[in-house]
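Once you've had a glance at the structure underneath, I'll fire off some questions.
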Amino acid sequence: MDDLRELYQELILDHNQNPHNYGEMDDPTATADGFNPLCGDRLTLYLRMSDEVVEDIKFVGSGCAISKASASIMTTLLKGKTRKEAITLFEMFHKMVTTGELPEGDLGKLAVLSGVYKYPARVKCAVLAWHTSKNALEGKESVAKTE
Amino acid sequence: MITMATKEDQSSATLDVNAIRHDFPILSGSTVPIYLDNAATTLKPASVISAINKYYEEYSANVHRSIYALGEKATKAYEDAREKTARFINAPDSSHIIFTSGTTEAINLVAYAWGRYNLKPGDEILITEMEHHSNIIPWQLVARDTGATLRYIPITENGSLDLSNIDELLNPKTKIVAMIHQSNVFGTLNPVAQLIAKAKDIGALTLVDAAQSVPHLPVDVAALDCDFFAFSGHKMLGPTGIGVLYARLELQEAMEPFQGGGEMIQQVTMDSSTWNDVPWKFEAGTPNIAQAIGLGAAMEYITSKDRTLLIQYEKRLTNYAIKSLQDITGMTIYGDSDPRGPVISFNVDGIHPHDLAQVLDQHNVAVRAGHHCAQPIMNRLGITATTRASFFFYNTSKEIDSLCESIEDARKFMGLK
Amino acid sequence: MITMATKEDQSSATLDVNAIRHDFPILSGSTVPIYLDNAATTLKPASVISAINKYYEEYSANVHRSIYALGEKATKAYEDAREKTARFINAPDSSHIIFTSGTTEAINLVAYAWGRYNLKPGDEILITEMEHHSNIIPWQLVARDTGATLRYIPITENGSLDLSNIDELLNPKTKIVAMIHQSNVFGTLNPVAQLIAKAKDIGALTLVDAAQSVPHLPVDVAALDCDFFAFSGHKMLGPTGIGVLYARLELQEAMEPFQGGGEMIQQVTMDSSTWNDVPWKFEAGTPNIAQAIGLGAAMEYITSKDRTLLIQYEKRLTNYAIKSLQDITGMTIYGDSDPRGPVISFNVDGIHPHDLAQVLDQHNVAVRAGHHCAQPIMNRLGITATTRASFFFYNTSKEIDSLCESIEDARKFMGLK
Amino acid sequence: MDDLRELYQELILDHNQNPHNYGEMDDPTATADGFNPLCGDRLTLYLRMSDEVVEDIKFVGSGCAISKASASIMTTLLKGKTRKEAITLFEMFHKMVTTGELPEGDLGKLAVLSGVYKYPARVKCAVLAWHTSKNALEGKESVAKTE
């Protein structure tokens, strides 16, 4: 079980049970839908940009603990970031969960998801919210799929 | 629970599960999995593996048209597998048996070789809301391309067919009724004999998706009197890459070929060709030789046991599992039909099925989490996924205890009270 | 002849054929066949057999969507086989590789999923008179059903493509050119690169039937620049029931699915469905898992050798066989192209090929007699059948001596002078 | 080779090299074509019946030694037989080449083909001419296939 605790750190369980920024948004500047075809889980992301800065970000949807926690932590991290910073963060995060490499930059609490790369079937869970917010940030219409 | 397990194990003493487990190399390895994903694919007994090996090590020749001894041996083994298959499902003879790569190809064969040439706008195809995607998508595609209409027999909340409206659904426009014999989600054993009789009355053809029933029940296609009957080898102790389509002879004769190529022809000229006799007309190219032989060995393995005992045993195991699972806090079990097969879908409040499967894996328990290739069922239940435990006669009540204990642990692990 | 054989064996000392023969269980049995029917199917090395066994004995789980360790191991092994295949034929990446049950299914997939949705009356399909039935019938069927016209590049008496009229045959109406890479009758290695370039110029798609070339030559689909490329596992030391379709990504994206079922979907509702990413969009149902893994092991076996040596060796063997056969009274060898593969079709005056094969079998020599699934070639030659000897790098010049001696004996046996 | 000599008896080789009643017929009362899909060999049978008796019978075609000898011997045997006798002979012969049982009745020289049953791939060769003549005797139109 110790292995598994590396995947499901306490912080992840906390975010799973009490996700931050969970809910709909009345006045988004962009929304995007995400879909994980592996499990059928879906997520809707709401974004309110002001100039180039993420003023508010929220999400709703179904998903496993990994995906919910990832979405929850992501929203707390992206708030206040510029569009460019957000995209950079996406790239760092994506690299971390696929390779296990802890990136140089500031990934803050996201590092609790660094164990995911050992579970290839779950990588898509971790990146679902991120792909979706990348689409929202880039104004893409199509449903974000986890690669 | 431990007491119960012991009691269970005693009452099943007539089936020597330990002896059976010895026949399965994977159950005698260094780390023995608690394998409860048998509805997805089963483990393989040594006799099946060695039948495959024997072909590759001793007579790996191509079949048909060979004049040499190795080729004749391969042909005989391949055609013997067809005979065994015919006997296994009580087909009148082996010409009713078409080998395919699986249930999926068997159903697609019918949708292509019969459906595309016989359906037209206004015609109706009737399936059920309980189907596996393999018995949905081929019909969606053929309906799209021919203009026929695809209709569904609805299901009830507890996983049975809702036949209240059957007389409207099954009507003179219905050209084929294609239905799952035993649900891979709920375990429900559907009243296919009754529906086949009804379909015959109005002149519709019938197809039974028996992927989940053939591994667990003696089936009798002659008694069922269906037109088509499909199942897979890998779900009944046999190899991957082999399946069976039973098809009535008149239909085989009348149908167009499916795939074109070697073996399925009689004469080829540059302008046109004629087809081989049935069933070979539907087996284009070098067949899945080793796999058919392996499937024959799997059927031999099953028939070498007392099937009544096997069925009783799996039934007891399933009942025990249902009872044990129900004791777990937050447990929902989907489907409560009787008779049923050894498959149970469930969810535990507060744990996503994928997280549950992940934690169970840490306990060495293999179950499936997901939509089980039956998204219409998930939509009907308003969920995206379930966890599914499915058994075979090599499973034990101790393994079910492990399943339940692991679920309890998972609840704790995930911080549930 | 015996002197020559010895010389041959010495000059090929750089390839350790004895060591190779040790890798093949069937060549170390009590009665070792002189197996010269490799164009039909090949023998299997121990490494392939044990890769299959390992799957069945240690991790026989279903692939994709499994959250447990066994299933992840199976998925990885299956997808690794796809990677190995991509590398083996130099595809840009593994998404270009669709697993099928064989060459036949690969070609049918294209005929169904591309052909039926893209061909119309007036369109032309161009194949050659040299094709295997597997690359004829699918096109005859699709031509019949779409109204397109099937045309043939003719062949010469000595087994080469007759390209004298190619500029008329390959014209703006041509929508696809489907051609055999290496003839399974004559051994001819066709100028496919040249024809692919010509087809590209006028915007036609191209398909290469590489069932006979991939086992013997390093192929490079990127350099060939074809759209589709098909071959079978069982003809290249791999298991039965597995084949490969390489298909360009844009085409995979644009094509309709072939078979419908599990795995190939993304989302299914009762009304309609969406498809999985390529290449899985074309792999419906539980795949041929053990077989793909076995094919990967076969490719590993081949690449573990020095391929230049293998090719040289097979070439020398073939030349030696041609020379030796030509010494036999009444011998006709069909086809004399260069470059060519290790397959030789012939007839002996006064002995029907089936009688010849029967007598050779008594000498433990396995050759094929018949039309080799290429009746248009037989019609062109004005015969009904040939005897065919085909080699692999585990064959020896001694075995060719046995072949020739047995033919001499057969002549005597049949009362010829 | 001794085994094989049982299949290819000297008499068979003789008939193969010098088939009896080989050739076309000008005035047949019935003809029939036979086809062995296993090898692609074909045979045409010519029959002249007078009342219910086989007055003349000839054949042409390609085929292996087994099929040619079988056709040749068959024609010598059938000449002079009644339709009914011929059909009975067909049935006895068929039984012999598929089971190896030497029938009670008079199969005469045909017994040289009794070794065929050990070679399942060659049974069709032996019965090709017989199926074809049965069709001709019964006035069937379709091409006789070896089952």
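Per-chain residue numbering starts at 1, and chain names A, B, C and D are given in the order in which the chains are listed.
To be clear about the criterion, a residue touches a chain if its C-beta (ideal position, glycine included) is under 8 Å from a C-beta of that chain, and two chains touch if they have at least 3 such contacts.
Please read all numbers here as calculations on a predicted model, not as lab measurements.
A.B. asks: Name the chain whose C-alpha centroid is farthest from the C-alpha centroid of chain C.
C.D. replies: Checked the centroid distances; the maximum from chain C is A.
A.B. asks: What's the distance between the Cα centroids of chain B and chain D, rounded to whole Å?
C.D. replies: Comparing mean C-alpha positions, chain D is 47 Å from chain B.
A.B. asks: Distance-wise, how many Å sit between the C-alpha centres of chain A and chain D, to the nearest whole number?
C.D. replies: The computed centroid separation for chain A versus chain D comes out at 79 Å.
A.B. asks: Go ahead and note the Å separation of the Cα centroids belonging to chain A and chain B.
C.D. replies: 38
A.B. asks: Could you pull out the residues of chain C that touch at least 2 other chains?
C.D. replies: Those would be 65-67, 267, 354, 358, 369-370, 375.
A.B. asks: Where does chain D touch two or more other chains at once, residue-wise?
C.D. replies: Chain D, residues with two or more chain partners: 38-40, 122.
A.B. asks: Any two chains that touch count here, so list every such pair.
C.D. replies: A-B, A-C, B-C, B-D, C-D
A.B. asks: Show me the residue ranges of chain C that touch chain B in the complex, using the header's touch definition.
C.D. replies: Residue positions touching the partner: 25-26, 29, 33, 35, 37, 40-44, 48-49, 52-53, 56-62, 65-71, 101-105, 107-108, 111-112, 129, 132-134, 136-141, 150, 152, 232, 234, 239-242, 256-265, 267-270, 272-273, 284-291, 354, 357-358, 360-361, 365-370, 373, 375-376, 379.
A.B. asks: In the complex of these two chains, what residues of chain C are touching chain A?
C.D. replies: For this pair, the touching residues of chain C are 64-67, 72, 75-76, 266-267, 276-277.
A.B. asks: Considering only the defined contacts, which chain D positions touch chain B in the complex?
C.D. replies: 35, 37-40, 120-122, 145
A.B. asks: Which residues of chain B touch chain A in their complex?
C.D. replies: Where chain B meets chain A, its residues are 351-352, 354-355, 358-359, 362, 369-371, 375, 378, 384-385, 409, 413-415.
A.B. asks: Mind listing the chain A positions that touch chain B in their complex?
C.D. replies: 1, 3-4, 7-8, 13, 16-17, 38-42, 62-66, 119, 122, 125
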